[in-house]
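Both complexes below contain subunit A, partnered by subunit B and then by subunit C.
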Partner chain A sequence: MSTISIPKPQKPWKATPRQRVETGGILLVSLLLAILLVAVSPLKGKLGYVGAFVVIYLIIDYAVVRFNHGKSAGVDAFFRGLVTMAIGVAVLPIISIITAVVVRGYKGLHLSLFTTDMQNAAFTDENLSAGGLKHAIIGSILIVATALVISLPIGILTAIYMTEIRGRFTRPIKFLVQSMSGVPSIVAGLFILAAVVYPLTKFYSSFEGSLALAILMIPTIARTAEEVLLLIPQDLRESGVALGGTQWRTVQQIVLPAARSGLVTALILGVARVAGETAPVVLLTGGGDGTQWNIFKGPMGTLPTYIWKAFGSGTEASISRAWTGILVLLVIVLVLFGLARFLGGRKVK
Partner chain B sequence: MTDESENPEMETHVQPSSLAGIASAAEAKKAPGSSALGVGLEARNIHAWFGDKLALRDVSLDFWAGTVTALIGPSGCGKSTFIRTLNRMHEFIPTAAMAGEVLLNGTDIYAPGVDVTQIRLKVGMVFQKPNPFPSMTIAENVLAGLKLANLKVENKDDLLQECLERAGLWNEVKDRLNAHGGSLSGGQQQRLCIARSLAVRPQVLLMDEPCSALDPGSTLKVEETISHLSSSMTIIIVTHNMQQAARVSDYTAFFLSDGGPGELVEVGHTNEIFSRPKDTRTENYVTGRFG
Partner chain C sequence: MSSVQVSERPALPEKRQLTTKPRFSDKVFRGVVTGGGLSSLLILGMIFIFLLYQGFSILHSQGLHFITTSDWNAAVDDNNVPIPSQSHFGIAAMLIGTLVCATIAVAIAVPISVFTALFLTFYAPSSVKKIMVTLVDLMAAFPSILYGLWGFFVLMPSAVYWAKLLNKFFGWIPFFSMQAPVFDRSPFVAGVVLSIMIIPIVTSIAREIFGQTPLDRIQAAYALGSTRWGMIRAVAFPYARSGIVGGAMLGLGRAMGETVAVYTVLNIVYQINWHVLLGAGGNVASMILMKFGEATPLEIKALMAAGLILFLVTLIVNSLADVIVSKSGKSGR
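Moving on, here comes the complex of A and B:
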């Protein structure tokens, strides 16, 4: 009996040891030359090293590859290098922001942050465990959630009008939504102040803040949802209708479920647009220091207004509190986004 | 393949509603034949436009219940446009317009006051690309029409099994009815789409190139499915595959466009169209000399 011998699986396309040595050599030489260049030229500091390294690496890499493999391979290597460096340039600020927030914010972290508010504490108190963020966390969640309840249906219905109904007003509405997405938040705040607070309610409440935030969220949600709905194949809509579904039932049972994870992205981008908004909230809710559960009555503080107030107080202790507030805001936003992704991405049973 | 023997006196009645100016064209539009179940669907002088462009000129065709009619012709000759006028999907294109009548059980489906969703329940459609609903399981896909049309059914499990059996898919999926529709192969997905359109019990099934995205094995299965179904309903299938038309259909209609709007050139028993076509253009097409 002859047995068929199966060869060992290999990856012939992987870099050979020689190529690895070559790549490592280019990196090392670039690094040394960059250090040398910084030493002899007026370039200075971390930025000087990074800049010199990037430029020298790209040049040497291009030259070596071109010498070994020809011109088009050289250009290919150059752009691959450029793209890799660009990722570094894009990610670096984000990492340094997160590091700064964690390093400066962790000092103020303690459990009572989540159980006390600033009603009986001062931002300038040297004892960082006095007072807390309870009111701001509750306020932020209530205000953003209320704004979401208002803007999510309106935004998605607008997107449905633009992609499914495609009525006469589609183009003007598209234009309007696009220009609305650039509206400065303070304008939305002033609009609610002039249109709701002065003529109608005549007092501050977080609901008015939510209205202003909803104005900011609707264009973001509508535009993202529109993009997502446009990606749903026309075939699916036609199949739904060909089975005897009305347009609404087809949209509701087929188009929206098919677009679900994209719609969650729309929701996330909408929340991201407003979670850190300060100006309209300060303007319309008064930015209180006490815990406030009633969204229709009285001042309500949020994390951004807490941070704004803490920085404004200007002492070392208060600025430390502000960094802690930023850290908490960052974590809450990340947790909520992760949760939304998890819920939205779950397969339907 | 044909049921010629069952219909000895299948004959040639000229459409009375044909306009005088196109009398010669009307000669070609004989009714293909009759069956025990009578006429399933009648298209009368159908014209279709996209914007200002006339895409389809004066097509009249009778489709007999319990038979399969194949629509053949080169790309751009208006077959798909025609088939989409038969269940009012044509109007989905914003610039579309049409003239003519489509009679289902003697009533014009374009008459004012007709409930278009009821029409589409009775005239089902299978599309070119398999397109199971992505958010639904196999079982939910089959029963999707009931929910979409808000129909109530006594025993859903029986209906599910019946539809999947009629579509020739039951044995392959009976153990994984709760798997996603997208987990099936292309051919299985297409049969799932057929099962889906059967669940609302249509009288007529329109199939727009249902096998063009499938491999030969899956094509064969879909063709078997078509043969099983044809005893109980009217099937109209658009195909570019002439062997397929010869295999599955009882009647064949040949469409052609000479650069202008598409027209119906000839219709008749499938074996006649392929062996003794009356029009030389049909002969040239079915023998592969052009198109």
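Moving on, here comes the complex of A and C:
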């Protein structure tokens, strides 16, 4: 009687110990060779090390895999290395940006930042605890909130048109919204200047800034809201109509409540889109230094104009203030972004 | 015999009228929503009309010279009153500069973005993928002034070093040659900053299109013994080709309209400059922001006209990109 041997389940896609040793070896060898190359050749600096390592690794990896498994496997390995490197290159700036902002911005952080404005302080003051961001934060909140009040209804109506009514304008409107999202922010600012400031009001106010920001927000809100509304199952709409509801009642009582969290995501993404928008705000709000509550009258400072002015002043202290302003702005954007992610729960495709 | 009194039957309710005609409330609803939906058309139209209205006198008096010459001279008399007859406005240098910066940005960003998208779609394990997708999306949410400051203080020293290397080893290519050793604030530096700003958008479009590659074709390629790269070359690239072109154009449109980030890292000079490493470039959006503060009323009209040109150029590029992206996926069948 022969015994039947039950084969152990295999995982052929997993790296065998030998392959792991091979990969580690290639990495190590190319690292050593890179150091050697930098030492003997005129290459130097971080770029020299990274460049030498990348080139040597790709070559060795290609050669080894080709020797073991043939030509097409070698090419495959080469591009696997290249593609993995691309993600490193794409992510590097984010890390660099966040470190730069934190390292350069934290010096200016102090408690009175949120309780004082720049009315009695100069951007160039060596004492970084003089003056603060109160006016800029209040201004940013007011200006973005006003823009939101204008753009949210328009954005959501556009999305409802594209998903619920589906009239003959659906495709053109989709196209227009897409084109609108590419309107340069400075053009939005110029448009408000040409259409509102020069012919009508003749002075700067934050409301005009809000109008320009609303133009930039509408496409973001409309497109996100459209995506969300498309996810609502058609059954829900049909059951609403089958129960005798008119289309208005169906949309108002069934579709919109079902999409609520998604619509909040759209709102937050819209806010995040314009919170740091600088060019139109610099053109239109005047960028005041005092706390200003009236959105219809007089210059109002916002975070972007604060950063802009501080950067423009050009001394060490003022640039330090600019970084602190950026740090606060970045934290706000990060919080908004995290909130949108959390609420939206967007699935990674 | 008695007769039974039959009470009259109650009258039947009138038959419910069945109709597909929308009720009054729905008519209002549809009207309001259609109005809201058409607002994007209204806004785009108004931008065009008002910028044209403000800039028309300049466009009319300068004619084609407005986009073919590059001197910008707002003549004023002793009382600071502008003299239209002696003023010349031309944005050729700015337009070409915008195009140069945006082209550099696209040339750097597209390979990185396509490879990143390939990694995210076909190589990355799902845990890594989630983090990376979030990071790349986060990059798109950073405000442009942040890129501007970071570009000026952090990136520029490195970018200048790269520019020097390029000049040293590729100086024989006309674009990379230099007449004067001024590497700061060049179109190249601006292009690098812009490329980082458009990586997220190009990546997300490329990722979306790679993600739609038909699974049966991918599996067919593997079943025929293809390696992963072989599959990408034979299946994913042909399928996604036009989508990637569209994504690149969308990135180009974004890069052309960017204002603040370019303003901080580009030295604006009113002269057409093809030497991308030299610290002198042009950019329509940044010029508008720079000139606006001290502009005379006549100059403001010229700036409006420049804004109109920028608006039209970006609109055309974006629309073209949109058409290409929405048609993608039909190739390679």
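Annotations
Going forward, the second predicted complex is superposed on the first by the 259 of 349 C-alpha atoms of A that agree within 3 Å, B and C clash if a C-alpha of one lies under 4 Å from a C-alpha of the other, contacts with A are read in each partner's own complex, and residues count from 1 in each chain.
As a convention for this text, a residue touches a chain if its C-beta (ideal position, glycine included) is under 8 Å from a C-beta of that chain, and two chains touch if they have at least 3 such contacts.
No experiment lies behind these values; they were computed from the predicted model shown.
When the shared chain is aligned, no partner comes close enough to touch A:Leu32: not subunit B, not subunit C.
In the superposed model, A:Ala222 lies in contact with subunit C only, and not with subunit B. Of the two partner chains placed by superposition, A:Leu231 touches none, neither subunit B nor subunit C. Of the two partner chains placed around the shared chain by superposition, subunit C is the only one that A:Leu190 touches, whereas subunit B remains out of contact. Judged by the touch definition given at the top, the superposed model places A:Val331 against neither subunit B nor subunit C.
After overlaying the two complexes on the shared chain, residue contacts for A:Arg260 are found with subunit B alone; subunit C is out of touch. When the two structures are aligned on the shared chain, A:Thr246 is found in touch with subunit B and with subunit C. Of the two partners subunit B and subunit C, more residues of subunit A are touched by C. After overlaying the two complexes on the shared chain, residue contacts for A:Thr278 are found with subunit C alone; subunit B is out of touch. Common to the subunit B and subunit C contact sets on subunit A are residues 246, 249, 348-349. Within the complex formed with subunit B, the subunit A residues making contact are 166, 233, 235-236, 238-246, 249-250, 253-254, 257-258, 260, 347-349. Remark: subunit B residues 87, 89, 92, 94, 117-118, 120-121, 124-125, 127, 129, 131, 133-137, 144-145, 147-150, 178, 180, 193, 196-197, 200 touch subunit A in the complex. The part of subunit A that touches subunit C in the complex is made up of residues 45, 47, 72-73, 75-76, 78-80, 82-87, 89-91, 93-94, 96-97, 100-101, 104, 153-154, 156-158, 160-162, 164-165, 167, 169, 172-173, 175-188, 190-191, 193-195, 198, 215, 218-219, 222, 246-249, 251, 272-273, 275-279, 282-283, 304, 307-308, 311, 319, 322-323, 326, 329-330, 333-334, 336-337, 341, 348-349. In the complex of the two chains, the subunit C residues touching subunit A come out as 22-23, 25-26, 28-30, 32-41, 43-44, 46-47, 50-51, 53-54, 111-113, 115-116, 118-120, 123-124, 126, 129-130, 132-139, 141-150, 153-155, 161-162, 165, 196, 199, 203, 207-208, 211, 227-230, 232, 250, 253-254, 256-260, 264, 285, 288-289, 292, 303-304, 307, 310-311, 314-315, 317-319, 322.
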